[in-house]
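Paired with chain B in one complex and with chain C in the other, chain A is shared by the two complexes that follow.
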Partner chain A sequence: MLDRLAFIITDGILLGLIYAIAGLGLSLVLGIMGIVNVAHSAFIMLGSFFAFELFRRLGLDPIISFFLAMPVFFLLGTIVYRALLTRIERVSQSQGLVAMFGLMVLIENLSTIAWTTDTRVITAAYTNASLVLGSLYIAQVKLIAGALALVLTLLFWAFLRFTLIGRAIRAMGQNRDAALSVGIDVRRLSAVVFGLGIACAGAAGVALAMVFPFSPNTQIQWLAWAFLVVILGGLGSVANTLIAGLIIGLLQSLSTAFLPFDYVYLVLYVLLAVILVLRREGLTLVVKRAI
Partner chain B sequence: MNAVSSAPILKIANVVAGYTAGHPVLRGVNLIAQPGHITGVLGPNGAGKSTLLRAIAGFLQPSSGRIVLGDEDIAALPPHRHMERRIALLPQGRSTFPELTVAENIELGGWTMRGDRARLRQAVEAMFARYPHLRALRDRPAGSLSGGQQRAVEIARLVIGDPKVLLIDEPSVGLSPIVAAQVYRELEALKAEGRTILLVDQDVRAAIKIADYAYVLSSGRNDIEGDRSAFEGDLGVMVRRWLGV
Partner chain C sequence: MLSLFFLPSSDNGSTRLRRLLVWLALSIALIVYGVVGRQLFLLSTLSTVFLYVVLTQAWNILGGYGGYLNFGMVTFFGVGAYTSAVLFQYFELSPFLTAPVAGLASAVLGVLIGIPTLRIRGAYFALVTMIITFAVQTLVLDMPVTQGALGVYLQPVRLSPLGVEQLFYFLFLGCAVAVTALVYAIEHSNFGWALIAIREDEDAAEIVGVRTVEVKWIANAVAAFIAGVVGGLYAQRIMYIEPSGTFAFDISLNVVLMAVVGGAGTWQGPLIGAPLVLLVADMLRVTVTSEVNRAIFSVIVILIALFIPGGVMGVWTRWRRRHKPKTVEAPS
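After this line comes the complex of A and B, so read on.
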């Protein structure tokens, strides 16, 4: 029994780390720029296929793809920002939402043409291996994906906290006019923030592809997960996003273990509803903003 | 902080500006801020004082008229390009970055120095030397400070960039008389360093005490103007009656 509980908790934590990075970029872009990026999960899916193609064509290990995805998707994000968002920025929130929705549909359709709707998996050398700790079995891929997710989260946290540009990004989210007054080029920095959000989505997609099957038309499912993390964790705080991811991962693994399958999503969506009713800012009440 | 060498003159000529097309708030404002002087801008609520400062700081594009700093027309200059020209705004109300620490707030004031980190660090320390009461607060989030302490952070964040022209909007609102007096003393110190100050204030008495020259705006237009002695005499009585002070 104790073994089983240890397994469930370990599994939940590892899943939670992955969920946290699925929500991280969404939280950053929404918290700092006020853009509801509904195309976020489409970029997560592109991240999965990025790893898939590199693995299929070049035999590249997804661990390497994870780190490659960051600069590639950063660039992609800044291009999308310049092409799509500079024009509608400040015009209206709903126009931004419509544009991002259009982008999501576009990415999904193009991806379906490129990769069909078949479900894919990446089978690396360690995919079916397990780490045995006493009587505890942990799937190696989950361990690796969880560790990568933790690394990415820490990188983000450190970047926003310890670098001048990271502080400028936070300043921009806290008081846009004052940021402009001290000389920060908010427009240019916004492109960087959006790029970081997409870099995070791409890397999350690689981590997800190591653990879960994926296809172009299941990406929308990840949008729900990412929003769940953001709503629970509140906006713009890396620490809270991480905690929110962990809570959701644990809830999922616990409810998967102890409830009939159909109830797992019910538990999560009831949780979502409760949070939305109780408090808009989510966990921020409990855990003081701690970026 | 070194004395500022030759602050430029700031000239506002026939500026028309507003928030919605066809409804200008400023309807042809003229004004000169002399180098090294404090120039007051007075007037009732809604006269357009803050709008004028925001237009000078680049947050609002005048639909016509000129805003000239030295020999450059800066009317079309975007707001984030003002600091590098050493013209800085202290806006009305709170403007700290509330979740950043005091030190981080001040450091971002030196954003234009970011290419030279050693110099930036030195400049931050110079601000803690200049405003020693901030030193004990350096690692506190700015949003957790009192109104007076936050004002000091805002001033330090402004001064670190060594501005030659300061646009100051209602610096003493909401502060205790003692803290307000400190703020005005600091403005005089900044003037003594040779900086040009454009001071918008509801507190006519306090503003006139330190201003070399003052303009009164009403409904987005110039009303009366004069040097300190004019406002201290008959004009002062008139303005006070007119403002209901």
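After this line comes the complex of A and C, so read on.
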């Protein structure tokens, strides 16, 4: 029994780390820029296929793809920002939201054209191996993906905390006008923030692809998960996002162990509703500027 | 709130009457076609258009006027469909009788969903409604009463194929007209103004005395009821429902798309948007594959959202304002 519990908790923590990075980019973009990036999960899915293609064509290990995905998706994010987001920031909130949903459906369908709706998996050398610690079995992929997720979270935290750009980003998140008046180029920084958000989504996609099967038309469920992390953890705080991810991961592994499989989702959705009721004051502060 | 339900309109009475007459003529033409029309395909396509008009109008109440975008309209629709189907399965009750019950079930769900979600604002509502669709779909897949992925079969209506098509043609046409009339009444009532005030500035609306939360709840419950009723009728129309098709996220997206294309926040918007979108979708369907079709569609949505605020109706209003006869405005 104790072994089983240890397994459940390790599994939950590892999953939680992955969920945390799925929500990290969303939290950053929403917290700093006030944009609800509905297309976030579509970029996560692109990240999964990025790893998939590199693995299939070049035999590149997903661990390498994970670090490659960051600059590539950062660039993609800044391009999307310049092409679309600058315009979305100018229209009303609901129209911006509709446009973002349009972007999500566009990415999903372009991906379906490119990769069909088949469910894919990446089978690296270590996919089916497990680490044995006494009587505890841990799947190696989860361990690797969890470690990568932790690295990314720490990188993000350090970046926002110690670099000059990171400080500027935090300043912008606190007060956009004040940031502007002390000489921060808010427009350019917004592109950086969105790029970072997408870079995070891409890297999260690679980590998710190591653990879960994926296909273009199931990406939207990751939006639900990422959103759950963001609501639970609040906005723009890396540490809170990490904690929220861990809580959700643990909840999932616990309810998978003790409830029939599909009810996991239901437990989480109920949790979502409860958080929304309890946290609404915390949320409304930011929602005013949401998109 | 209800005491001042009908406000006198400042609009020019006779032009408004003339425009209403155009819509009236259109509905009469549609009724006549329903009686004399013999092409099953066209009748069936038109009833689908009416079905979407109803859903889009229902969405329009909170989404168009209130600015709260519901990306989970299919939840209410699907719950309505399943309520009717399950009632048939266990009690042999015809969905024609149980459609209002289906509507009530959806309205109850609408209130339940509304309690946590309508207190939060804007974009969060859109996301949560979307997530709830998946939650309800999972629930329907897991509950024994709905028979999971097996789905529920219903009995066919004992009529000739033409008779069946005509029946649903008129049912959905009737619903579309009734719901449009309701939305028209809302648009010209204080309730409608309250919703518009919420859309424009919710804090200001609250300060001037609009009970924002209650208004949103009512709007959401009414929309859910309408979607539930047509959901129940839809179950009878296709005679077999299963979770993935009945709760397809595409339906939610279509509804938003139709409202945005036609013009959200106007009673004419859904009447224009639904046929337009379905027409373009049908035209694309025969020329390209469905993925390409949907990709083109999403580009259209992005372009409309960014560059044509208000959709067709927005363009129409701006055009009319620009070409207004000078004599009306000139001081005598």
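One rule holds for everything that comes next: the second predicted complex is superposed on the first by the 278 of 291 C-alpha atoms of A that agree within 3 Å, B and C clash if a C-alpha of one lies under 4 Å from a C-alpha of the other, contacts with A are read in each partner's own complex, and residues count from 1 in each chain.
Simple rule for what comes next: a residue touches a chain if its C-beta (ideal position, glycine included) is under 8 Å from a C-beta of that chain, and two chains touch if they have at least 3 such contacts.
Please read all numbers here as calculations on a predicted model, not as lab measurements.
Q: In the superposed arrangement, which partner chain does A:266 touch: chain B (first), chain C (second), both, or neither?
A: Touch partner of A:266: chain C, not chain B.
Q: Given the touch rule stated above, what does A:130 touch, chain B (first), chain C (second), both, or neither?
A: neither
Q: According to the stated criteria, A:112 is in contact with first (chain B), second (chain C), both, or neither; which is it?
A: Second partner only, chain C.
Q: Go through the superposed model and pick first if A:103 touches only chain B, second if only chain C, both, or neither.
A: It touches chain C, and chain B stays clear.
Q: Quick check on the superposed pair: does A:256 touch chain B, chain C, both, or neither? Answer first, second, both or neither.
A: neither
Q: Who touches more of chain A, chain B or chain C?
A: Looking at chain A, the partner in contact with more of its residues is C.
Q: On the A-aligned overlay, A:140 touches which partner chain: chain B = first, chain C = second, or both, or neither?
A: In the superposition, A:140 contacts neither chain B nor chain C.
Q: Answer with first, second, both or neither: which of chain B and chain C does A:218 touch in the superposed model?
A: neither
Q: Both chain B and chain C touch chain A; at which residues?
A: Touching chain B and chain C on chain A: residues 291.
Q: Considering only the defined contacts, which chain B positions touch chain A in the complex?
A: The touching residues are 57-59, 78-84, 88-89, 91, 95-100, 104, 107-109, 111-112, 114, 117, 120, 157, 161.
Q: Going by the contact rule set out above, which residues of chain A touch chain C in the complex?
A: Going by the criterion above, the answer is residues 36, 38, 84, 87-88, 91-99, 101-106, 109-110, 112-113, 220-221, 223-224, 227-228, 231, 260, 262-263, 265-266, 269, 272-274, 276-277, 280, 283-284, 287-288, 290-291.
Q: Where on chain C is chain A touching in the complex?
A: 63, 67, 69, 71, 115-117, 119-124, 126-128, 130-132, 134-135, 138-139, 141-142, 199, 249, 253, 256, 260, 264, 289, 291-292, 294-295, 297-299, 301-302, 305-306, 309
Q: Quick check: in the complex, which residue numbers of chain A touch chain B?
A: 164, 167-168, 170-171, 174-175, 177-186, 289, 291
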